[in-house]
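Below, chain A partners chain B and then partners chain C, in two separate complexes.
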Partner chain A sequence: MAKTVMITDDTAFMRMTLKNVIEKNGYTVVAEAADGEEAVALYKEFKPDMVTMDITMPKMDGITAIKEIMKFDPTAKIIVCSAMGQKPMVIEALSAGAKDFLVKPFDAERVVESLRKISS
Partner chain B sequence: MDISSFKEVFAAEARDYLQSLNEDLLSFENDPSDKTTVDDMFRAAHSLKGMAGTMGFDELAEFTHEMESVLDLLRNGELEPSQEVINALFASVDTLEVLLEQTINEEPITPVREQIAMLEAVTHKRPASAAPSPRQEEEIPVSVELDEFKRETIKQGLEQGYSSFFVKVVLRANTVLKSVRVYTVFQAVEEIATIIQSNPSVQELEEEEFDDTFILTILTKESSEQVLHRVRNISEIEHVEVAPVSLDEGQALEQDEGESEGAAIETAAAVEKVSTGAPSPVVRHHRPEALVRVETGRLDKLINLVGELVTSRTQVLEMVQVEDSIGALDQLDRVTTELQYAAMSLRMVAIKQVFDRFPRMVRDLAQSSGKDINLKIYGEMTELDRSIVNQIGDPLVHLIRNSIDHGLESTADRVAKGKPAAGTITLGARHEGSHILIEISDDGQGLDLERIREKAIEKGLLTPDHGSITVEEAGDLLFSAGFSTAEQVTDLSGRGVGLDAVKSTVESLSGTIEIESEPGHYMRTTIKLPLTLAIIKALMVVADGETLAIPIQAVRENLQVERSQIKTVQQNDVIMLRNEVLPLYDLAECLGFKPLDTEGPLSVIVVEIRGQKVGFVVEDLIGQQEIVIKSIGGILSDIRGIAGATVLGNGTIALIIDNSTLIG
Partner chain C sequence: MSSEAKLDFLKELANIGTGHATTALSQMLGGRLFQLVVPDAQMLPFSEAAEYIGGLEQLVAGIFIVVSGDVGGHMAFLIPFDSAMVLVKLLTGDDSGEMNELALSALQELGNIMITSYLNALSKMTDFLMAPSVPGVAVDMAGAVWESVLAGAEVTNEVTVIRTEFFADGESIEGNIIFLPDDDDFKKIARVLGLGEM
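Moving on, here comes the complex of A and B:
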């Protein structure tokens, strides 16, 4: 069965781009969240195998969302997505339990590598 | 630390590397697309260079460096693996072999300028499109300096059952947020290990003051594979290597291959290496069967002592016949017997050692003779006594050369005869009872009986009116001195010396050699050798009061002969035995003892020497016994008729008869 992925990003364009890359590589996108709160709720509902998590989002930021999700499921596999200049946040996300990180703009190959490695 | 004491270890290991370079080159020639082989060769050359450098053998190190450069270009795809390149590499291995032996024997080093020029010539023909890429990750070795405190920490960790590794991590060139990537590596490694040291320092890594490579020194309870696996599963890692930490100066650890310190310094780097993204290459270890190197002299001493122990045991068993000590004596008997077998097994080595050189030899001869040849090898793990292995190589070389030179037809001839274009040579070994059989066969033209007959007549070995000969007779002729049917002397099989030398080597090892052939189709030579030369079965006899041992494999029968049956032919005593004339010799007289002067019937031992039966008259016959052969050293080692000596159960010494030189 194909591994399931939840995409978290506040811009629809980014979600679309990511979904396109992820689905092309044999994964199933089971949920798309537009902010941290939604991400936590949808994670509990769908229990996806992997999560991509943007940092800067309305309502609840990505780092808080990661902490919430890890509290619910310590084995969650989360890839944090950052923009340039967010290095301290990335480290905070990794300490909070994120398994890998991606830096925008995304390179399709990097996204796939990351999914492949954290799922193995 | 006096490095010269490592010379032997160095020599043995360097020879291993050259052997594996040879083998890898052969498989590379068959499949140049196999990157793993090139990587293996590169590693072997790299390790060899390091070892030679450590020993201060500059010529060797320099030449290996040249070869390594060619392999590096191959590895990076900057040089096409053309036949010319492969031949140059083969020639380089040969050059290295010469350099190695000269270096070890402290002989003058032959200048290798031409060979270096040859290697440079092939490298300059690299494809122009591929500019040398600035990859230099190999230049950073997988090890770092450790201060006294860190070394102490590692030592204590090792004592508590931890392993210590260097983990070399190379990030992909375009990695973003390098410091954060390093952080993920630290996170992953710290889940299973304690990081003792980081080079460059953590601060430099955080400030991204490094290129792409960093080395962690860790203590862990996990295996190197586990560590490798963990790091490999991190994104944006170009490549990872894990190598055991060795604290030198007598505390070299993690030497799972049993090298001693001197050699381990550089070879430690030849451990797992994995480029991410590609399927992980097969990790090949050198010398799978060799775990500990022991000087053969020490081994022989051990075996000798065990032999003596067994002898004294027999003595004790003969002397003591007290009821209540029987149980303990049985135990002593069992243990010493097992000890003897265990000690004997130390002498046993796989015949692979000898067979390994043939793929390369056949390849070279195939190339120079223009014939297409497949070499099939079986039974290479068959074990036999080391002393036999050491001597059987040359005879096998000779027989294989003969097969290539005289046996296999040219490709055109084979096709014309409807045979497969490529000739096949089979080399194999197997056990049969207490013997090992070595077979060398080819599917060539077989024995040309008519030509052998003509040649034998020409050489005066047969009378001119001799009719057609059988395969068996042809075999005997081929093995007789001074016989060669090669019309042209080639550099392959030499000049008619050889096959008789092959036969005498085999016979000196108490073996026999046999030829089978179907003219037009095949020829097979089978060498039958005893498994060990250290213990033999012997017939014990007495001559002039001395106990003597006659190796049993030469003994055909023993007889009681009435003096009236003895006839004299040309001043020699003979008897008629089943219509054959059997010459008689007094064993005591042959050895320079006092001739037998008793009355009554005589005990005669019939022995076969070089195909001829002869009878030895002895004073008395004791019976069969297993004996441990001990060589008689020094000035006594070359006495005609004596092969060695053995100590008997009662502590007396018996000489062992060497049939082949007893009568001349």
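Moving on, here comes the complex of A and C:
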């Protein structure tokens, strides 16, 4: 069965771009969240195999959402996809439990490579 | 440090930041070449700031962000409407010329990535955290968009404005990235880069 992915990003454009890349490569996108709060709720509902997570979002930022998701499921596989590539932020995301950190703009191949690495 | 030296220093920061921002834009658009115009840096009394950008009645798309962390300030990315529609077409494939929800979302993301790349470059140089807020996006007359940026920056007395224009060769894509650093914070940047007190 195809691995399932939840996309988290506050812009519809980026959700669409990521969804195209992810589905073209044989994964199933089961949920799309527009902020951290939604991501935590949808993670609990869908229990996706992997998650892409933006950082700067309204209501709840990505770092807080990672912490909340890891509290619920310490085996969660979360990849950060954010424009905010500054060292303190990368360190914070990884220590919160993210498995990889992709800085936007990213190549489609880089996203797929990260999903492959993390799902294996 | 003299005010001329201070402005020179700000221009250099703007050049580096915008260089990274347009590299990010180029990557998003499949490798177009962008040219930068020499940055403009000014310290303006508030009464003159509103007139600074010129072309106040021109229709533009604006994306703006509040910067917080070790260094604070405000940033805006202003694009003439025609350029914005060219960018939307390149990003989404939609050539209807309509500024619909997806178009605004694409511009918001593009502005976010460019402004954040600018900040990432300065952060790398200084080791300061410069965290962007969720971006706001608006399509309006340039004067109205700029006024809301200045209102957000709560400028009362004098404002430091650093602007860099860029354009693509042979295509109508052009824009402006504007940085309004909090005064005390760019003194910190100068100090950490060994430029002495400002």
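Keep in mind that, in the parts below, the second predicted complex is superposed on the first by the 118 of 120 C-alpha atoms of A that agree within 3 Å, B and C clash if a C-alpha of one lies under 4 Å from a C-alpha of the other, contacts with A are read in each partner's own complex, and residues count from 1 in each chain.
Here is the rule we go by: a contact is a pair of C-beta atoms (placed from the backbone, for glycine too) under 8 Å apart; a residue touches a chain by one contact, two chains touch by 3 or more.
Keep in mind that what you see is a predicted model, and the values were worked out from it rather than measured.
Engineer: State whether chain B and chain C clash or fit side by side on chain A once the two structures are superposed.
Structural biologist: Superposition result for chain B and chain C: fit.
Engineer: Does the superposition put A:A12 against chain B (first), chain C (second), both, or neither?
Structural biologist: Only chain C is touched by A:A12; chain B is not.
Engineer: With both structures fitted on chain A, tell me whether chain B or chain C touches more of chain A's residues.
Structural biologist: Of chain B and chain C, C contacts more residues of chain A.
Engineer: Can A:P105 be said to touch chain B (first), chain C (second), both, or neither?
Structural biologist: Second partner only, chain C.
Engineer: Taking the superposition as given, does A:K87 touch the first partner, chain B, the second, chain C, both, or neither?
Structural biologist: Both: A:K87 reaches chain B and chain C.
Engineer: Taking the superposition as given, does A:V30 touch the first partner, chain B, the second, chain C, both, or neither?
Structural biologist: So A:V30 meets neither chain B nor chain C here.
Engineer: Would you check which partner chain A:M60 touches, where first means chain B only, second means chain C only, and both and neither mean what they say?
Structural biologist: Touch partners of A:M60: none, neither chain B nor chain C.
Engineer: Quote the smallest CA-to-CA distance from chain B to chain C in the superposed model, rounded to whole Å.
Structural biologist: 9
Engineer: Using the superposition on chain A as set up above, list the residues of chain A that contact both chain B and chain C.
Structural biologist: Correct list for chain A: 84, 87, 103.
Engineer: Taking the complex as given, what residues does chain A use to touch chain C?
Structural biologist: Result: residues 10-14, 16, 56-58, 83-89, 103-105 of chain A touch chain C.
Engineer: Hey, which residues of chain A end up touching chain B in the complex?
Structural biologist: Going through chain A, the ones touching chain B are 84, 87, 90-91, 94, 100-101, 103, 110, 113-114, 117-118, 120.
Engineer: Taking the complex as given, what residues does chain C use to touch chain A?
Structural biologist: Residues 24, 27-28, 91-92, 101-102, 105-106, 108-109, 112-113, 116-117, 119-120, 123-124, 127, 129-134 of chain C touch chain A in their complex.
Engineer: Which of the residues in chain B end up touching chain A in this complex?
Structural biologist: Against chain A, chain B makes touches at 176-177, 179-180, 183-184, 187, 233-236.
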